[in-house]
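Each of the next two complexes has chain A plus one other chain: chain B in the first, chain C in the second.
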Partner chain A sequence: MLNKFDIQIREGQEHAVIETAGYLNDALGEQLSEKARELIQNGHTQLVINLEKTTLINSIGISILIEIIEALEEREGTLNFCGLSATQERTFKMMALAKYAGIFPDEESAIANL
Partner chain B sequence: MKDPSKSLGANLQTPKPQSTAEQTMERLIFSLSELEHLGQTLISGHTNFNHSSKTYLRITLGTLQIRRGAILRYHPTQQNLDVVAVTPDEVFPPVPVEPDELTALLQHAFIENATPPESLKQFFERSAKLADVIDIRLWVPLKIQDEFLGMIGLGKFLARDTLEAWEKELLTTLAHQISIAIAYSQMVEGIQSEKFRLFMLAESAPQICQLLQPEEAAEQVVHQAVSLLDANAGALMLTNIDQQELKMNYAFPETLLERTTGTDSGNGLVIPYSEDASTSQELTSKNVLKSVVTEGLPGHCPPESDTLFGGRNLMAVPIPGRDGDVLGILIVGDKEERGGSITAFTDEDVILLDSFAKQAGVAIENARLHQEALEARQLQAEMEEARKIQENLIPDMLPDIPGYEVAGHYEPRGPVGGDYYDCIALPTGRWGLAIADVSGKGMQAALLMATLRAGLISELSRVRNGVGEEADDTTPTHNPLYAEIADMAMTLNSLLYASGTEEKYATFFYSHLNPETDILTTLNAGHNPPLLVRKDGTYKWLGEDVGGIPLGMFPNDMVTNIAEYEAEHVQLISGDVVVYYTDGVTETVNVEDDYYDEERLVEASIACKDEDAEGIRASLHKAVMDFQGEADQFDDLTLLILRKK
Partner chain C sequence: MSKEGKSVSLEHKVLLTIPMYPDMELAAAKTASVLAELMDFEEGQVEEIQLAIIETCINAFEHSQSDDNAVHIEFLLSEDQLQFKIMDRGVGITPDILDGTRLLGSPSVHPDLRKRGRGLQIVRSLMDEVDIESSSNGTTVSVIKRKSRRTA
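So, the complex of A and B:
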């Protein structure tokens, strides 16, 4: 799964879901950042990032996620994460991402809590 | 607080314009207020300068009453200036900065765009597009001491051609604040990165130590190492100490080895590291990996010397085992930076990976031990099953043969042995006595033994047993029983050869007893020749001269060419004793490493020949045990005694 490298977007009425697959490093992170920027510019300030198919993240990936949180904060938007492994959830809490974004077990609950 | 750059337009509509002093005061108050706000932002956890740079630009332009401008942030590894904030909002490519230009930029507090110093002319040409669009008039280098951090580009000043002295002082203060923000951001980014790495190290180490499957442990070790080091690739190679080889165990990404040249690809990558494998001192990734194993120290390989992974910047550390051996090496490749550039691994990276490798060693050994324990449990269960099978193959009681006594003894070395004996009543009133020694131990041996026994019983139920024809004619070609027994041996050979794996075979000795004539017809397939001890104390070895090769060792057509199975017979008389045995008897070793041997067997057999069969069995067993003394028993011990009353 880590060798697959992909980003899928699912746009709803008032929200959008970005699903990543592969190692969330600079390369995938930049793609994610670009997609998030486009969605925010198009008025989607309620975002869900589904990391179920991303089991590995490095520090650059984390910094890119922080940037997305900050960009959404500027627009008074909301970001929820879902599909995190137990380690990722602990990492997000430790890196303070969980302070500014919600963490939910699945996409459905992440969307419902936007 | 109102933005004074915006209030300027609003002021035009007000009936009572502000005085210059009032405007200046308002700009200063605005600037101070915004700086305080930024200070709060800086310490509130929002650390990303690229994000807050727009606010810094807005404050700067507002304070100085300038409509257009840009903030550029310098990236040392990429050696360029990234346009992080610009008014009007537009995207500009990064502006490269040459090293000598850096020195020049550090020497100026302000640079007029129209009259750049000679040393910066080329830099200004490269930034011309940005300068044109923004209509940049003045550049302010951002720096703290000798560290260049970026630049502010300011557009046309409203209602004036130059900045006043106090405005330049204010601009210097703002530039300093922005420089601090960049430095702080860099520092926090570094701390965050280290915090992430230390957390991941603390988090991942116990996790990988809990993984019980070696494959899963290897995969996680590589993935965590790649993540910890911000690398793009990683691999785990394990040592084979006996072969003095490093073998690829897991590589990430899967395509890592596709670029491998000059050697095996995929998981087949093997690097011999013995001293005589290669004495080349050339700096290649292969030699670096070898030295990591042989010297037990971390190693680096620059991209231009990497011939294994397609030109990557590599770092490798040894994975230590509990007993000090090097279990393998952990390799990471191409440390990435924000923006996609590849940078060199640092000394701190080496320490981090080395620490992780120690945990990886524990994880790999734990997984191996678990695997071994599982295999041992599986083997134990298999042995138990095999023991049950074998218990059913060895007769509990031996039958009464008219005019004869029979006694058997079977003592396996472990839970499951490879010996077999039997005494089978034939429909014709004859008796078949068999003894065999199956190679190997455990389930395979038990199954081979079961196959042999099933085949033997099947064959004995089919053959005519040479009824009425075996008595007198001793010429093999004219004795139907000889032929039948030899055919049976060929059938059993074929059966075992087809069912057994390589190295699986059985030595086998078969005796066909006619209790009416007391003729014992025998065939030997590679077994220890049984001992016939006569009443008068003389003895002879049965099947010593006409033995064939063990069953199942070769296919029938080869057996025909090598040594055909041949039968012979012997006439028994009252008091004769036949001692059948397996090599566990004659190869019993005492504490002085002497073999019990055939000579002692003859001696002991003659000594007890006048006892009944059970007494002979007990005496021979005691003789062997007495000889063995405190020494270990290495093989199954089997005896079958046939005595003519």
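So, the complex of A and C:
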């Protein structure tokens, strides 16, 4: 497998951070979706997805991020992204993700703005 | 352009064929990345080129139905631009895929948050020129990315 990926979870009192590493495609996206679903079911409706170690995100990965935004909306939750490259931020804006989720430069500000 | 005075600019051609297997688009993206770095593209532009080639390859993987199960890529390097042609020998792509109006996957509750079918839109937004030729004998997507002019 060319794509080596990893997911780390950091749970706070009211929020949780999901940090992904690798190429965000369907395979990593499905794992990310599963972790997000578990967190939401356990009451974490304030989520940060840290993409600092995620080098590339394809359109399938973006579609999975949209599903997480929708799952959180159903629970009146919030999602913030951080650690995006300039190209990733531009793509998120073009695909309207930035309308429904926050984009922040680092994890600290993403958590503070939940 | 580069290290130790060596240049890769003057109309060099690099050919690559990848099988249509999961993640093989990364092989094309990594090749593009190496070439773009050798040509002194800026870091952000290298990432844009990688993403464009990934989306184009995924489109071929998903829609071409080609018998040879392969994508053929031709990189053309010149002084101020990188051109790549991504070719498959499949059945051709339909107009609704070309213009991004084909609905793939489950619809979103927000009309502007379309989940699938936006790969070519991403490619067009990141690259300087995109040309698509498609017939029942296959599809060729030709893409050009020009170097940005750096300010001193």
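Please note the rule applied: the second predicted complex is superposed on the first by the 110 of 114 C-alpha atoms of A that agree within 3 Å, B and C clash if a C-alpha of one lies under 4 Å from a C-alpha of the other, contacts with A are read in each partner's own complex, and residues count from 1 in each chain.
Everything that follows uses one rule, which is that contacts are C-beta pairs under 8 Å (C-beta built on N, C-alpha and C of every residue); 3 or more make two chains touch, one makes a residue touch a chain.
Computed from a predicted model, the values in this text were never measured in an experiment.
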When chain B and chain C are modelled together on chain A, clash or fit: clash
Chain B versus chain C as contact partner of A:Ala71, first or second or both or neither: first
Chain B versus chain C as contact partner of A:Thr87, first or second or both or neither: both
Partner chain(s) touched by A:Asn113 [first = chain B, second = chain C, both, neither]: neither
Partner chain(s) touched by A:Leu56 [first = chain B, second = chain C, both, neither]: both
Touched partner set for A:Leu97, first chain B, second chain C, both or neither: second
Partner chain(s) touched by A:Tyr23 [first = chain B, second = chain C, both, neither]: both
Contacts of A:Gln8 with chain B and chain C, given as first, second, both or neither: neither
Partner chain(s) touched by A:Asn42 [first = chain B, second = chain C, both, neither]: neither
Where chain B runs into chain C (options 132-140, 294-302, 402-410 or 564-572): 294-302
Those residues of chain A which chain B touches in one complex and chain C touches in the other: 2-3, 23, 25-27, 56-60, 62-63, 66-67, 70, 73, 87, 90-91, 94-96, 99
Touching residues (chain side chain C, partner chain A) in the complex: 22-27, 29, 44, 47-48, 50-51, 54-55, 58, 105, 108-110, 112-116, 118-119, 121-122, 125-126
Residue ranges of chain A in contact with chain B within the complex: 2-3, 23, 25-27, 30, 55-60, 62-63, 66-67, 70-71, 73-74, 87, 90-91, 94-96, 99
In the complex, chain B residues that touch chain A: 45-48, 50-51, 189, 192-193, 195-197, 199-200, 203-204, 207, 223, 226-228, 230-232, 252-255, 336-340
Sites on chain A touched by chain C in the complex: 1-3, 23, 25-27, 56-60, 62-63, 66-67, 69-70, 73, 85-87, 90-91, 94-97, 99-100
